[in-house]
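Labels for the chains are A, B, C, D, E and F, by order of writing; each one numbers its residues from 1.
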Amino acid sequence: MTGRYERGLARQAELGATRTEAYDALADIAPDLSRLAVEFAYGDVHARPGLDAARRELVVIGALITLGGVEPQLRAHMETALNAGLRPRELVEAIMQALPYAGFPRVFGAMTLARQVLDARGLLPLTTGNCRGRSVTPDAEGLR
Amino acid sequence: MTGRYERGLARQAELGATRTEAYDALADIAPDLSRLAVEFAYGDVHARPGLDAARRELVVIGALITLGGVEPQLRAHMETALNAGLRPRELVEAIMQALPYAGFPRVFGAMTLARQVLDARGLLPLTTGNCRGRSVTPDAEGLR
Amino acid sequence: MTGRYERGLARQAELGATRTEAYDALADIAPDLSRLAVEFAYGDVHARPGLDAARRELVVIGALITLGGVEPQLRAHMETALNAGLRPRELVEAIMQALPYAGFPRVFGAMTLARQVLDARGLLPLTTGNCRGRSVTPDAEGLR
Amino acid sequence: MTGRYERGLARQAELGATRTEAYDALADIAPDLSRLAVEFAYGDVHARPGLDAARRELVVIGALITLGGVEPQLRAHMETALNAGLRPRELVEAIMQALPYAGFPRVFGAMTLARQVLDARGLLPLTTGNCRGRSVTPDAEGLR
Amino acid sequence: MTGRYERGLARQAELGATRTEAYDALADIAPDLSRLAVEFAYGDVHARPGLDAARRELVVIGALITLGGVEPQLRAHMETALNAGLRPRELVEAIMQALPYAGFPRVFGAMTLARQVLDARGLLPLTTGNCRGRSVTPDAEGLR
Amino acid sequence: MTGRYERGLARQAELGATRTEAYDALADIAPDLSRLAVEFAYGDVHARPGLDAARRELVVIGALITLGGVEPQLRAHMETALNAGLRPRELVEAIMQALPYAGFPRVFGAMTLARQVLDARGLLPLTTGNCRGRSVTPDAEGLR
């Protein structure tokens, strides 16, 4: 029988979001917090059918950028979004998409985290398939 | 030549997000606000290649649910998300996905808006293909 | 066997927080949302031992005042706080206590809701046991 | 002797922010809340020398737009900003200035309130001294 | 005569919240900020009768967890909550109680601070009187 | 012809807000983010006529203090506010003005940043023209 906890663990494993150090670090004060994260956030919510993991991560990324001040979690979800199949360029675009709603400060902060994530994966510089290189004259055409 | 304003209008048209009443209502005080929304939010950001419109709307929905207090815009983006191809069930799941991050009050508010949007489109009740009907015994299986 | 859902319902019943209209209103779009609210918010969190219900509501009230824009839930938790044994004067003081952290606008909004809640219960005007009546000269003594 | 309360009342009077209905409405539940607003928010903070009232209101407007969900207070501070000498066009520009930080949804909401405030004062449409009329071709020049 | 400042200092002393380094650090730029904190936040608000200090701290903790980004203050209020009589287990439960409203990221951040506070007081690991140890099988019973 | 990008750069230069390290640091992942900041935040918004730069910065400071968690940007705007002509004492007062709306924690954080900014400019301690020195007896007069 697949219980909620097992389902949550399985989803985390698919996402490459293994039990983080934060979970273990709180074991001697509130082990239930980690258990509830696995059971509820992943078992009850993330593992639900109806929307694939990569697109679920897009919602989460929009939420965490807007919340602010949750850099560890935002970084973790960038990692799982990539693990779920989002391409690096798509991650960058998702962060850009938050601009008119979360504002420039929050988006600059998020993009800085994204750069660290991509750098650690050896993915920099991003391919220029649809590159927005600095050599492109601002305002020339519009197709950026 | 496709300028930023025209590109923004074109993207809004694809999304079925025609110039809203809010835009016109502010014409006698700050017409630039609407112009900048078209040029920047849609022309410079939404119309960027690299991430399709439906997935961009997932980021925006995550952001707006978390912001709170922006019901007109949240409702409008639910509309454009559906117009961009997101299925009703997927919209519901996207809102559910915000639960561990934006909390239950914001998500209940968002789901209430979603219900109005789907109701107005004659899409209620949602199909039970992967229905989470109340007849399902809580906690029985877990696959929800 | 007491499952999470039953435990959540029981806690809601103790709090006089019976299944609200909001829960039923979403039954044809996302019945799981209500189920998760009962199972997680009440069964997994509120019903935990270690802190009594009234004091749990104080934490929630502080959170909801600060969040803003969640008036239905804030009002509901004021109701359950009173049902859990918090005295009317204590509710007022709890809202005042948020002032240096959530600011005056949020607190004025919360106090307006509290007045509606107390008025509907026939509890106005509040007893002057330790009343801060307008007849007290501002700044005279300080013991308020 | 000018005490804090009197100083706060005096500042409110200068701003045309007389004791609002909200203050009186809470008299039978928490009269201290209004007293503290007068004493602290106006007596201790707003009435401080070192920055004139109109510029203080600019800070407050930036804060309230960003907070969201505090429309009564945001509207009230738009009124007092105008009473303190801010010109209508300057108020509009102040709201526009929040765009890159608070985002479009919050700013659209604020501009809608500003329109109501200006309309009630018979100040619409705004003069076109440096008007951003819709007849100006987007992107033509840039001086907007 | 007990003035507001003295009353605030007295309340801070009861709470073990002596004038912090932050207060002194700002003395050469804005000494009034600290003065107002003592007079208003503690003298006018915290020292009010009608709700005991420990329960006031529960409201503040709910507010600060939700605000986010105010770790020094959140940690300080965890300290004063314990000083005011809240038991360590109760502090942990108060933080857990914020989960459905402030979300997992904010609560994980708060719990990490709480662990530092309890560790510095030599209170780890928490007693297992009603311990949620990892040895407890998830989902077995429900009474947690 | 002055385009949006050039106008934005010009405004940044006037403000002494030259292209920051953050802009360059993201060049290999999202150069468009910096470009949009220059074009939109400065070219389209900040450089608009109708409100002078220093007063625009007051709005931004109110917004950023309230947002929280955006210390690099808040510090940068304190710098540009001073460069635009705001006097050090006026900057301090602007931050104080946020107290009743953003609360003490956010304001203490902002004042700490302001102290660093003023210290680096050799402007501490602030002149006592309208000094709020600690030697002034609290509550004596009120004129602070």
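As a convention for this text, contacts are C-beta pairs under 8 Å (C-beta built on N, C-alpha and C of every residue); 3 or more make two chains touch, one makes a residue touch a chain.
Note that this is a predicted model, so its numbers are computed, not measured.
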{"item": "Shortest walk length in steps over touching chains, chain A through to chain C", "value": "1"}
{"item": "Any chain in contact with chain B as well as chain C", "value": "A, D, E, F"}
{"item": "Selected from B-C, A-C or A-B, interface repeating D-F by over half of its contact pairs", "value": "A-B"}
{"item": "Comparison of A-B and D-E (more C-beta pairs in contact)", "value": "A-B"}
{"item": "Centroid comparison with chain E (C-alpha atoms), farthest chain", "value": "B"}
{"item": "Mean-CA-position distance for chain E and chain C (Å)", "value": "19"}
{"item": "Inter-chain centre distance, chain B versus chain F - centres from mean C-alpha coordinates, in Å", "value": "33"}
{"item": "Whole-Å separation of chain centres (CA-atom averages), chain A against chain D", "value": "38"}
{"item": "Contacts with 2+ other chains: residues of chain D", "value": "3-4, 32, 36-37, 39-41, 44-45, 48, 64, 67-69, 92, 96, 99-105, 139, 144"}
{"item": "Chain-level touch network, classified as line, ring, star, complete or other", "value": "complete"}
{"item": "In the complex with chain A, residue positions of chain B that touch it", "value": "1-4, 7, 37, 40-41, 43-46, 48-51, 55-56, 58-67, 89-90, 92-94, 96-102, 130, 141-144"}
{"item": "Interfacial residue positions of chain A with respect to chain D in the complex", "value": "100-105"}
{"item": "Contact footprint of chain F on chain E as seen in their complex", "value": "3-5, 22, 25-33, 35-37, 39, 41, 64, 67-70, 72-73"}
{"item": "Chain E to chain D touching residues, read off their complex", "value": "32, 36, 39-40, 44-45, 48"}
{"item": "Contact footprint of chain D on chain C as seen in their complex", "value": "68-69, 92, 95-96, 99, 103-109, 111-112, 114-115, 118, 124-126, 132-134, 138-139, 144"}
